[in-house]
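Take a look at these structures.
One chain, chain A, links the two complexes that follow: it is found with chain B in the first and with chain C in the second.
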Partner chain A sequence: MRLPPQANELIDRSREVVFSFEGKPVRAFAGDTIGSALFASGRRVFSRSFKYHRRRGLLCCSGACPNCMLTVDGTPNVRSCVEPAHDGATVEAQNVLGSLDHDLLSIVDKVGRPFTPVGFYYRTMIRPRRLWPLYETFLRNVAGLGRVDKRRGRTTRYDAENRSVDVLVIGGGRSGLAAARAAAADGDRVLLVDENARSFGEEPFEVVAPACALGIYEGGLVPVAAGRLLLRVRAGRIVVATGAVEQPLVFPGNDLVGVMLPDGARRLIRDFALKPGERAVLIAADDRALSVTEDLERAGVEVAATVDLREHDPTDIFAEGRRGLLRAVSIDGVGHDCDLLLAAGAPQPAYSLLAQAGAQISYDADRGIFVPGGLPAGVEAAGRVAGEVGPLLPTRACHGDGGFVCICEDVAVKDMKRALAEGFDSIELAKRYTTVTMGPCQGRLCQRSSIRIYAREQGTDEAAIGTTTARPPWTPVTLGLLAGRTHEPARLTAIHHRHVEAGADVIWTGAWRRPHSYGDAPAEARNVHETVGVIDVSTLGKLLVVGPDAVEFLERLYPNRYSDLKPGRVRYGVLSTDAGRIMDDGTVARLDDDRFYVTTTSTGADSVLGWFEWWNAVWRLDVEIVNLTGALAAVNVAGPQARDVLAGLTRADVSAEGFRYLDAREGAVAGVPCLMLRIGFVGELGYELHFASPYGEYLWDVLRDRGARPFGLEAQRILRLEKQHIIVGQDTDSESNILDANMQWIAKLDKDDFVGKWALEQAQERGPRELLVGFEMANGTVPAEGSQIVRDGGPSGRVTSSRWSEQVGKAIGLAWLPPDLAEEDATFEIRVNGRLEQARVRLRPFFDPAGDRLKS
Partner chain B sequence: MNGLAFLSPGAARAEDGFAPRPASPLQRALEGSTGLRDLSLLGKVELRGGEAPDDVEAIRITPHRVLLLCEPERCAELLETTSGLAIDLTGALAGIELEGEVLMRRLTDLDLTRLPAAGKVAGVQAVVTSSGGGRYRIFFAQEVGHSVVEAVRDLQEGLA
Partner chain C sequence: MSFLLTCPNCGARDVNEFAYAGEVTRRPRTAPSFRELTDYLYFRRNVAGVQREWWQHRFGCEAWFLADRDTRTNEVLGVEVPGAAGADVAAV
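Now for the complex of A and B:
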């Protein structure tokens, strides 16, 4: 079946490769593609077409068209003409019911065609509307490409690799090689990518092949698909040398098996030593294509007729076949028996990547081709893609009435005409309506023809019709390659593994993983009230604000005052936006005159850091802001026995008098230097210890040894709710301000200025629209967070937090209420599971309202 | 209230029967790995607006900020003696040293011919330096360290 050895053949006849096709073994040579091996085995029908299930055979042999698509090792839509044959591969036909040779769905072509013009499903299947899901399922089953095997799971590894080079050359033909060699000679780092599997000689630059550039993105980023590796190439200069693509002619029978592009036949002969047919007719429009006769003759193919379209552009070409295989062609009434018809119009520069990069595409009416121009900086075109395709003349849009414009999507000439008749008169609309250029070839083989047909039908020229927008990917690419390796970095505290070892239920909170509980949240909360607990609060945002203007900086940022905060003291702070809305909250500890230690919420840490840095840049104060969030681990030791535990671990004075509520102290705890803050988010006597993160596990273990039992977020949420301490983002939203959140005491409107002051003044003048207050339920039902407050049958507020508190013995919560309802003892109703439940306003903390335990 | 000793892992002392032991955040993630060196406990000092001493490796982060890398024991002296604002970030940054340019190219889009540089490595912000001979050092926030190591080990597997 093979020709004698060819001068530059790609196959290695000394090495055999065996793969299976439809369950039967196929013998190939190393260097064969799956397509060339199947052709060598005698196969001519490679696929069934998208819509009509017509037989299709090799056309381009360059990976441009859809005709050779097969499922290889479970991956659908593999262009077998460029896919290297490998031992043990399992190759199967796709989009057929039955087999390639006997596809039951070809009935669509035989009897259904008159009823299935472009867009038929929008018209004929629109009623009754409720049946559309059925229609859709049916249509998707009978039309299309290969199927993804959803049961296969992740069987294939895909990777991505970044490359930085001075020059990227796309295309390894003559011009591409010349450009790459010249750049390398200038000392540039050069990478050349080529979509063919051919071998390159010793070159002074790196070559990746077979590999396809998928697009040109901003900043010279070019993704290149190289098998299962996606290269993300960033190049200072990009040379596009993608050459030109032979264009199929449009005539009745132009999709028969045996109708090929001249270059396709040439590849079969030269690269794979295959005889493409016995008796050929050649119709072409340029010297390069016409020169294929030499290859044909050498391969022993009889050339029955040759037509140079520049000399004679026939009115009618008509190809006939039997069972989908070409038998004869008639050219202006003159018939020729043949099994191979090599037909191509003028080669079209493959400008798509250039157009994506921003090049202007214009129509060269003298030669009948589209050419790129106005290239953006850093992008060059070399060789045939730049329009160097020799002497040409425009040819007819169609040779005869009929034939396919787009073989990918089975769009026929009549479909284009129909779209036009229906008013889709721009080429962009035609693309969307008929799907011409939207198939696997991405317009390589049909863009110019479709434009030309539109121009002829509208009595205008190609320049007036213009091209459609070029978008990546230029070449079909597997989803696996685009998705790559998934990797979602989670933030773990230095103590994380101890929580996991203790069996904690770990949940996402923003980017962090945190223990929700260690199995029994109410017991954890009880333990804090009764003895001593410890919670990992390393996730708190931590900022150091340093400099002579540090006080001034904080005074301007926070609504409350910091100039009178004494070193060694801590104050609660709420950050407002310019619009007076609550942004974040936390504590500010004054370490000395010009050093402050600021904590933020866990999820707000990044935005507060950005906020501080932004204002620092605006105000140009003498302040440095250092993010210490990850540098420090932090734990909160809380409960009536917290002092005893701490006293056993430090030489520092932790007596009630020596270390008061809202004091900040530095001192070693179990040998580890700590910043100790006496604060009480959870309402009991408590100390927050902040220390270098490498000691996280060590200090946690020491505290556990001394009797502190861990509690998680759920216990913390119960405990803080008993104190009516808010959680920004849970109890507040983007509309909430400090005054409405019932924290009037914190807004020092007598200060010169602070971020959000004007807005808060307006809010004060206007009066509150709603107020955030505590409530308890009459009957112990815990309303879901987000439940509606109902008044006179209508919504008038919402629950933001709610829990059952064992300590209080009640269901408690926080809610936004109309101001006139927000008074101690006022009653209101909450809709719970469709029923209205009674609740009562509680303005003071449910637990330890005077703070005696907290400050003890 | 005086210094910022609570920031310095090196300031911990064995006293009163306590023996503090620092742990690398990568300790578990690196178990059973090959070709990865843990740099997490290496001394790291950020210097703002001061002059870096000549005998310390300095990576300039911005015109105003420099990251000093040193033996852990050297931190205290650097914090004490350098001009400008010096902050001990030893606990903030984890780090690894690894070998292989291809591995690095799968981890980061930084231009490896222009190091040191800061940018994304395995999806997180990092500082990368070259230690020569195809070896690289990567420093990143310790809280995402395990994730970086996971990514590195996965890619090593893909290249094996």
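Now for the complex of A and C:
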């Protein structure tokens, strides 16, 4: 039933909205919230409390308290009192077993209270131990609020937007509007955000509402939750005008349905033309709250009694109810029948955002409120949040013995007392132990009460207790909004779609998507050994190092020498950090005197680029680094017939004498300008072609037409392992240096200096702690990568790579071994599936140890 | 961390666009003792106050530059490109 039209009501009586609640249709007006519509339909019980499953009804009507939380369209914990009602919405009760009116879990309130005191989960259900699985199942089922329907998947799209303004005003009340108008008049770009869905008139600045500022971060960054959009607002000046929050009084029965905050009742009347009750009692501590009597009278609510706490602060308030609904209240022994009890202490400035920004919060003992002060630069407080909350006097911390301090988490006065008795004497400890202020209201309605009760119980004052640290988010926020868009960026090579068409099994390698195999990795490897294969290596990092100082630059970066590398030749290089650790490896081709083409590993490309640019910033040599990783595609053509394939596609001399092992040539292949590197990537005769990526699919198709069959990463792993080529990051870790990785030949310690030289000299002096060597298994067992090497019953090394090689006919691998074991033919044991398996050290490549086929 | 940092090329940007590479260190010019080497590699001053440090505009122009930042407040007092007139690069 609605009241006659109110002056500024939010509802549009000409438009009807229908949604369903617990399967039954509910009629509402446009402009209604789900909460106001349900209230209009006669519903009074909106939820069951967190722990005791007590009936709860509308309290604040402003989205602060947890009492109206429902599941709307599958989203749990929606504050129905501020959630606009929309056609077709599906609204369901939550946190109940049964229904709101008959919740089986309310047994916890009736008989379970002795077993569920504060901290019960640390104590009560620990013994007997064997029953823990039962307890756990029970607790997991009843814990938490609301349920996420995992089967629904992700149905809502969330987004984020970066905004930059001169002035951000948080709160669109009188003070907020005044501040925004003044700033706009000064010519500032102003954004005002307000958490209510009310309409604003024509203003000379932008308004976003409903929208909640979640916190104030460093540098004036304010995340604002605006529905499905997260605004990341960066403001030069922030005006906080979040007002003050009415505080529930603490007394026995203070959570009965029908006990409301005065402002809540005011909103029901003014915004939604609803009569909040028939007979009311009002207990308040400030003029604003007391003025609600005018609204009540206009709405036809009988006001049975009014208590101004500044004049009379009763020692005992006691509310009684039946089946959770308020029926009467007794104030210092004087009883009043009522179905509405509007009770609030002094309004508390909503200082949380200011405290996050660094404001000092102090207790104003003359008024009984906490007030912010010492605001940091760039942050201002306007209006009620700054403490402009009218004449006040301190009132009692609680009225009577009992009641809930924190309605979110069902923390009662006795829980606070018990926490104190158990030694949790600081308010920060009380918060963690009792979870007071940690519920959905984030302390808006309970922080002051909890502090004041602690002060009273400890016989001290509020200033000595202090406040708990204010942390974001100030308002609860859905995880989806923080997670943002579901977007997993993948890098694809220019040839990627050919791999997909060929049925490749595509896997993630860093940010890249790459073919693991095309169905049969051993056959792909065999094909490389017998005829010719081709692999897409476009993911390799590709850097052009150009300039008069290019040689000097590489000489300083790499442990080996480049000054003697002739144009048209390629050399393998391993990058070390100054701590001597292996960072990356790849090839360096000298194109001419001052132009080098450097490849890196696929996953190391970005860090090597940054590394090069950093050292160049340090040394300031006359050299430029050009990143060609995305611009160029690359394929490696390998196998005994690789030369024949290439010869048919280029006029360049690819004969064994004209294009030797480790030569680099520029020339056209099938008409595509290429840089050709003859390197030993997979151990067979092979050519790596680097070319502009738009030609990727074309050249791939041509090579396949000429008989090259594609092979994937798995075949590459097998082939490279047969040659004992290391994979940085697989066979090496953050402790590995090139000496221990058995690449002493690459460390030219006679160079004047290079990055890592001094650490390597120290490592050489110290001697190796372990060495990376090849091994083969006595039988065909392939030990898992990471398997332990066991010696005298203890761990003594680890396997880093292992594969079955058809070519070698053995299970082979690479392992880190103690130096005395790392000798040709030495045997050792690897733990495989709990058994010890025999292995034998092999220092030379398993396949083509002399490199005859490679150099053929 | 959510402060703004001024890239010498691109201007004030969100700090998330940048990579941090630590305080500027002094690389030994000649073969160091073991102690000198480990000091250089692993020991940092870790000051509570203004510190000269390396930053890269990682998701921007990729330039490396030096910033003087107060580690207590994240206030950036200035940035400069190494090699610019007056820039002091200790890390050589």
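Basically, the second predicted complex is superposed on the first by the 814 of 856 C-alpha atoms of A that agree within 3 Å, B and C clash if a C-alpha of one lies under 4 Å from a C-alpha of the other, contacts with A are read in each partner's own complex, and residues count from 1 in each chain.
The rule is simple: contacts are C-beta pairs under 8 Å (C-beta built on N, C-alpha and C of every residue); 3 or more make two chains touch, one makes a residue touch a chain.
Values in this document were obtained by computation on a predicted structure and should not be read as measured data.
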| item | value |
| --- | --- |
| First (chain B), second (chain C), both or neither touched by A:R234 | both |
| Touched partner set for A:R327, first chain B, second chain C, both or neither | neither |
| Contacts of A:R198 with chain B and chain C, given as first, second, both or neither | neither |
| Partner chain in contact with A:G568 - chain B first, chain C second, else both or neither | first |
| A:G610 touches, of chain B and chain C: first, second, both or neither? | second |
| Chain B versus chain C as contact partner of A:V618, first or second or both or neither | second |
| Contacts of A:R432 with chain B and chain C, given as first, second, both or neither | neither |
| Superposition-derived comparison: chain B or chain C, residues of chain A touched | B |
| Partner chain(s) touched by A:E218 [first = chain B, second = chain C, both, neither] | second |
| Footprint overlap on chain A, where chain B in one structure and chain C in the other make contact | 162, 234 |
| Touching residues (chain side chain C, partner chain A) in the complex | 1-4, 14-15, 19, 21, 27-28, 31-32, 34, 37, 40-42, 54, 56, 58, 62-65, 74, 81-83, 89, 91-92 |
| Residues on chain B engaged by chain A in the complex (per definition of touch) | 1-9, 11-16, 18-25, 28, 40-41, 46, 48, 85, 87-93, 102, 105-106, 108-113, 122-124, 141-144, 146-148, 150-151, 154-155, 158 |
| Residues of chain A that touch chain C when the two form their complex | 162, 217-219, 221, 234, 578-579, 609-610, 613-614, 617-620, 758-759, 761-762 |
| Residues of chain A that touch chain B when the two form their complex | 157, 159-164, 189, 232, 234, 485, 487-494, 497, 512, 544, 546, 567-568, 591-592, 595, 624, 626-633, 649, 651, 664-666, 668, 670-675, 690-699, 702 |
